[in-house]
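What follows is a group of structures, each given as structure tokens.
Two complexes come next, and they have one chain in common, chain A, joined by chain B in the first and chain C in the second.
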Partner chain A sequence: MGDSVGLALLFPFLGFLFNALLSRAFPRGLSGIVASLAVGLSFVVALTTFLALSALPGSQQFHAVTLWTWLVAGDLNVRIGLLVDPLSSLMLLVVTGVGFLIHVYAIASMHGDPGERRFFAYLNLFVLAMLVLVLADNFVLLMAGWNGVGLSSYLLIAFWFERDEAARAGVKAFVVNAIGDVGLLLAAFLIFVSYRTLDYDQVFKAAGAGGAVLTAISLLLLLAAVAKSAQLPLYVWLPDAMAGPTPVSALIHAATMVTAGVYLIARTHPIYTQSPEALGIVATIGALTALFAATVGLVKPNIKRVLAYSTVSQLGYMFLGVGVGAFGAGLFHLTTHAFFKALLFLAAGGAIHALGGEEDMRKMGGLRARLPLVYWTFVVGALALAGFPLFSGFWSKDEIITATFAGPRANPTLGVVALVTALLTAFYIFRAVFLTFHGKPHHHLSLSEHFHAPGPVMTVPLVILAGFAVVAGYVQVLGGSFGHFLQPVFNRYGPHEVAVALNPGLLAASATLSVVGIVLAYVVYGGDQALARRLGYQFAWLHQLLLNDYYIEDLYRLVIVRPVLAVAGFVGETFDRVVVDGAVGGVVAMVRYSGAALTIVQTGNLRGYGLGILTGAVVILAYLSYLGGWGG
Partner chain B sequence: MAPAQVDFVPLIPTIVVTVTALAVLLLGLWLRGEQGIWLAAVSIAGLVAALVFLLGLAGPAVSERRAAFDGMIVADNLSTFFGAVALVIAILTILLSEHVLLIERFSQGEYYALVLLTTVGMLVLTAATDLIVLILGLEILSISLYVLTGFARGRLGSEEAALKYFLLGAFALGFLVYGSALVYGATGTTTFGQIANVLRAPGASSPLLLIGLGLLLVGFGFKLSFVPFHMWTPDVYEGAPSAVTGFMAVGTKAAVFGSLLRILTEAFPALRAEWAAVLWLLAILTMILGNFAAIAQRNVKRMLAYSSIAQAGYIVLAVIAADPLGRAGVMFYVLAYTFMNLGAFAVVVAVADRGDVGTTLDHYVGLARRSPILALAMGVFMLSLAGVPPTAGFMAKLFVFTAAVRAGYVDLAIIGVLTSAVATFYYLRVIVAMYMSAPAEEPAPAPALRVPGPLLALLVIALVATFGLGIFPAVTGDLVGGTLALAK
Partner chain C sequence: MIAPLSYYLILSAVLFSIGVVGVLVRRNPLVMFMSIELMLNAANLTFVAFSRYFNTIQGQIVVFFILTIAAAEVVVGLAIIVSIFRSKATIDVDQVASLKG
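On to the complex of A and B.
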């Protein structure tokens, strides 16, 4: 087995080729069907791989598949090699499964868009890159996938490039992700320098010996993970990324790509577990981000932005989970989150679609009657997200909270932060429920015949996802088979996985917080919202602070963006033109040399350039003489 | 003294190109206007023939050195690889220029002949194992390029650029010649192998020699636009006709880097610490300044000029490493750079219009609507220059950075990675302009751009190579006569 896993890559690749090159010869509607079919076939491969793998005993669940040798030069040996193990097969399943449903949904929601073919080409490209990322068995291929998902994410955010907002959001995402890419690249260099290999297996084996370099590697990997998973302080691109089409927000910016950071930390756990400091930082960043994004999510008026901040916040939970060494719990939450967050986005997309593109919740309201199915599926997603008892998010979130309080790397302070965040989460998501679906209809389309009620192509994926959002949690509870399945991965290079039994007290506490949050949301937003207005007025400063993300973006503009542009301008213009030019005073040979020419050439630059060469030459000679140890 | 050993075989490709140049020059008297396509055909035929001879010469045993003329010229894997790259560049340049020559009414015979003569210079340069032959090759290359730079007679920018290039080039040549003289003075020979032999003796290093080496590096630094010898580059790149700029940017880099690699490893291995220290400094300055200055540019040709400066900075990392991985890194990077950069210039040429007027970023706004194929191609080349996988640029960067890291220059690799992150910004800006911003006010929608056939062929070749080198670098390496795997 395992050899067939290459097919999971082949199908999206073929789908991409078809949509990018051939689809113009066919009716436009075909591109979505082909794209969905491609991902659907990948899903079948993923499912068979998963089933075959889980039938094997733990020690035999690791299969390396080498497709071809990429590059051999000296001791740099890079293979296109895939690793099939429980972790990658789980990710494969999530990406293709959720991906398939979102592709199907997109057939309807993108119908009639002039860029439909381009859209599905990008979407297939994304799935391909994401699968490369999770299946890679070495850091170079990982980087290729890592950059690939960044690129396709950028293309899809800026999909409606005529809109200025979308274009700007695309660039922002690309630049922030480039910062993360630098981290990954530097980490890879450091690994190569230290271990002379970039293969996971050899690196992880060598990492067992410990060493200070592992902390440096972990921190560089963390930089990459933080950028890709939109954690503090690099979260800024994700809320803006909502400018892309809704299926993109659901697939890339909620369910899959943004979880790559969590995957990276889980995958490189043999490195992280050697550095308790780095893991501590991971946990702290996660908890702070969870709290920060949840507070900001309390006030945002745009429904997709609320969901985006919610994603940032939930990714914070996952970071917290892997940060306290509960890698299985982190991935469990990653999986349930993929289902319920994709569901929330797609249901929100149904409401947005129905109102002709309206995303401001203040202008929605009262949609429950017209969109009952969308409403109920959204509520299911909201309950799962809020950690309402017995829904999937309840189990997975609690496993993280339990590990934070009771695991061997426990940190009760962060645990309290996680509990507070749970309360806020329930509040902000039910604020969205009440604003969007309850109360009086505010939108002129809500009652007109131009109202676009979603058809079955959109609603069937919603129902399926809603089903998973409810039951996905029980996979773990019934016999703990989820953690059990991943255990061989996290114990392969030493016993790294922490198994913590759920604590009834904590379960009760978080269930209570969840219910309290929902009730509070109902009190404030369930009625005529007079209370909401009064609170907003009374705490105007707080409201403004949250609405502006604690002014973090303004801070970045002030201390990073402007100085960089200023330095660039200085180097480009001032240094090359003014400094060198102005320094032309008593130039030696060059003056005579070019004197005659200067009457023809309408600029004095030439002398400056000559002086530059001369200065450089003098510096080099002085430097060489210093190295030679003579004359100075 | 034994009679000079005469072996013309290693010179066959050079001779073929020279003869073709003369033939084209003559034929150019009769074939004018539309008939100029035949001149292009003859030139390409000559270049292909030279390529066949070159690769045939390499034959089954690439790694076998064949020295001629008392070790002044050599045919080995290095000369085969860089010679082949030079010939490919010349072929692509002819595809690049064909249409421009027509609309600008340039004299086609002279133009092609000069491109071919430049190529002769490159071939001589990459095969030279003697300081005098090296200077000879470099000057054949340079003088032809001076003339090509000023080829748009009557256009002030072009004439000014040619004069600047010539004057500064002559200045830089002075350093090279004087450096060679000092090296000769210190060692009593001009042949690389013998210089190395002399230096192998203990205590052979002398002030004279070090000054000579320093001056040689200044000369090379000028030709390769290392900071601070780079200042002519933006002006000359901007002023020269776009097709010539593309040719110059990749052609000079390929040949001169090949020559630099050879002279440092074959003549001065004993002084590795010294030249590596100098190049270390130049590499840092070049990577930082090249990239930051590029951000400020609004003119795409100028931006590409600074970008080429920065890219040269990356290639130096592999030169410094100087081990098999480093040698392979230089080769791979030069090859990747050839395709992605010539491809980018092909788009510049297509967008620029008559008189090379449309080269600012504003002219790229909305290009995706005027010509989807040009915008797509430019997008790929920009991403490749920025080093995004799965393009050639990514593998090239990975290659040179890894080589630097392995040779112990982690600092250089870190600066390289950081500056290439900065670079993403200005490459991306071109894509943003092409795809994102719709023209602010649309009085009349700009007409669709038609891409002439030869240019389209060049774009396709460059695109295939950019992806091919990115996805199957090893396979491509084998195709180029196994030279990549050479690594001695």
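On to the complex of A and C.
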């Protein structure tokens, strides 16, 4: 087995080639079908790989497939090598499974867009890059996928590039991700210098002894993960990435891209576990980001932005999970989050689509009656996100919280932060539910016949995702098969993963917080919102602070963006005009004037030239005789 | 008795100087060519003299090259003079200054 896993890469690649090169010869509607089919076939490959792998005993679940050798130079030997193990096969399953549903949804939601073919080409490229990222068995191929994801996310976020906002968001995502790419690149350099290899297996075996180098590598990898997974302080690109089409948001937030950072830390866990300091920083960043993004999500008026901040917040949970050494719990939350966040985005997209592109929740309201299916699936997603008891998010979030309180690297302070965040999460997502679907309709389209109720191509993925959002948690709870499946990966290079039993007290506490959050949201936003307005008035300063992301964006604009733009402006205008153009123009002028001056010598008089030659010869001979005497 | 080397060198220098003066003062290109030939042969004389003096053959070989080159140069030069005369009806070198910059 294992050899066939290359097919999972081949199908999206063929889909990309078809949509990029050939699809103009076919009807426009075909590109979405081909793209979905490509990812669907990848999903089949992922499923067979997953099933074959789980039938094997734990010690045999590691298969390295070398497709070909990429480059050899001295000690450096880079192969196009794929690693099939429980971790990568799980990621493969999530990426292709959720990705497939999003592709199908996109067929309907992108129907009629002039760039439909281009869109599906990018979408396939995105999935391909993400699959390369998770399947790579060395750091160079990882980087190829990593940067491929960065590139295709830029292309997709700036898909509607004629809109200034989208073009800016794309550039912002690319630039912020480039900061992380530098971290990954430096980490790879450091790894190669220290261990003379870039293959996961050899690096992880050699990384047994701790030391400052390992901490440095971990921190550089963390920089990469923080940028990709939109953690503090590099979260800024993700909320802006909402400028892309809704399926792109769903794909970036749920199945691909942002999960790459969590995956990277889980994949390089043998390095991280040697450096408790680095893991502590991971956990702290995660907890702070979770809290920060949840508070900001409380006040944002745009429904996609609320979901964006909730993604940042949930990724914070995952970082917290892997930061306290509960790698399995972090990936469990990654998986359940993939389902319910894709669901929330696609359901929100349904509401946005129905109102002709309206994204401001204050202008929505009362959509429950017109969009019952979208409403109920959104509520299911919201319950899962809020950690409502027995929904998938409840189990996965609690595993992280439990590990934070009781795991081998327990940190009760961060645990309290996680619990507070759970309350806020329940509150902000049900604020979105009540504002969007309850109350009176505010939008002029919500009662008219121009209302675009979503068709079956959009609703079927919603229902499937809703099903998973409910049941995905039980894979773990009933028999713990999720953690059990990943166990071999995290114990391969030493016992790094310690299973922590769920604590009934903590379960009860987080369930209570979740319910309290939902009730509070109902009290504030369920009725005529007089209370919401009064609170906003009384705590205007707080409202403004949260609405402006604690002024982090403004700080960056002041400290980084403005000076960089000022320097660029100086270089582009003053320096370029005065120094560069001056140098070029100076050379031209020098040649022109010296040429004009020297034409005086060129008389055309043959005897004059002869005299010149004679004089020159006499002078040279005189000089030589002066230097060395005559004939020595 | 054999004349000493310096005689040959002085004769050669005199011939060369006559050639130089001829090139510089005459306006008729044919005479200028003859003067150039004079200079070349002055050089040839020097070569032969040194060759004899040092008892080596190289100098005499170089003379053959110079003779050949001189012949070729005269061919080209005369062809140029003929074509200049055809187009300008004069061969006074002071009248032919169309390369003035």
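Following the convention adopted for this analysis, the second predicted complex is superposed on the first by the 564 of 632 C-alpha atoms of A that agree within 3 Å, B and C clash if a C-alpha of one lies under 4 Å from a C-alpha of the other, contacts with A are read in each partner's own complex, and residues count from 1 in each chain.
In the analysis below, a contact is a pair of C-beta atoms (placed from the backbone, for glycine too) under 8 Å apart; a residue touches a chain by one contact, two chains touch by 3 or more.
Here the structure is a predicted model, which is why all the values come from computation and not from measurement.
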item	value
Which superposed partner A:615 touches (first chain B, second chain C, both, neither)	first
First, second, both or neither for A:544, with chain B first and chain C second	neither
Touched partner set for A:624, first chain B, second chain C, both or neither	first
Contacts of A:60 with chain B and chain C, given as first, second, both or neither	neither
First (chain B), second (chain C), both or neither touched by A:606	both
First, second, both or neither for A:151, with chain B first and chain C second	first
Superposition-derived comparison: chain B or chain C, residues of chain A touched	B
On chain A, positions contacted by chain B and by chain C	600-603, 605-606, 610
Residues of chain A defined as touching chain B within the complex	68-76, 140, 143-144, 147-148, 151, 158, 161-162, 164, 166-167, 170-171, 174-175, 178-179, 181-182, 185-186, 189, 192-193, 564-565, 567-569, 571-573, 575-576, 580, 590, 593-594, 597, 600-603, 605-606, 608-610, 612-613, 615-617, 620-621, 623-625, 627-628, 630-631
Interfacial residue positions of chain C with respect to chain A in the complex	20, 23-25, 27, 32, 93-94, 96-101
In the complex with chain A, residue positions of chain B that touch it	156, 160, 163-164, 167-168, 171-172, 175, 205, 207, 210-211, 213-215, 217-218, 221-222, 228-229, 231-232, 234-235, 273-274, 277-278, 281, 289, 292-297, 306, 323-325, 328-329, 383, 388-390, 394-395, 398-399, 401-403, 405-406, 410, 413-414, 417-418, 421-422, 424-425, 428, 432, 435-438, 472-474, 484-485, 487
Touch list for chain A against partner chain C, complex	598-607, 610-611, 614
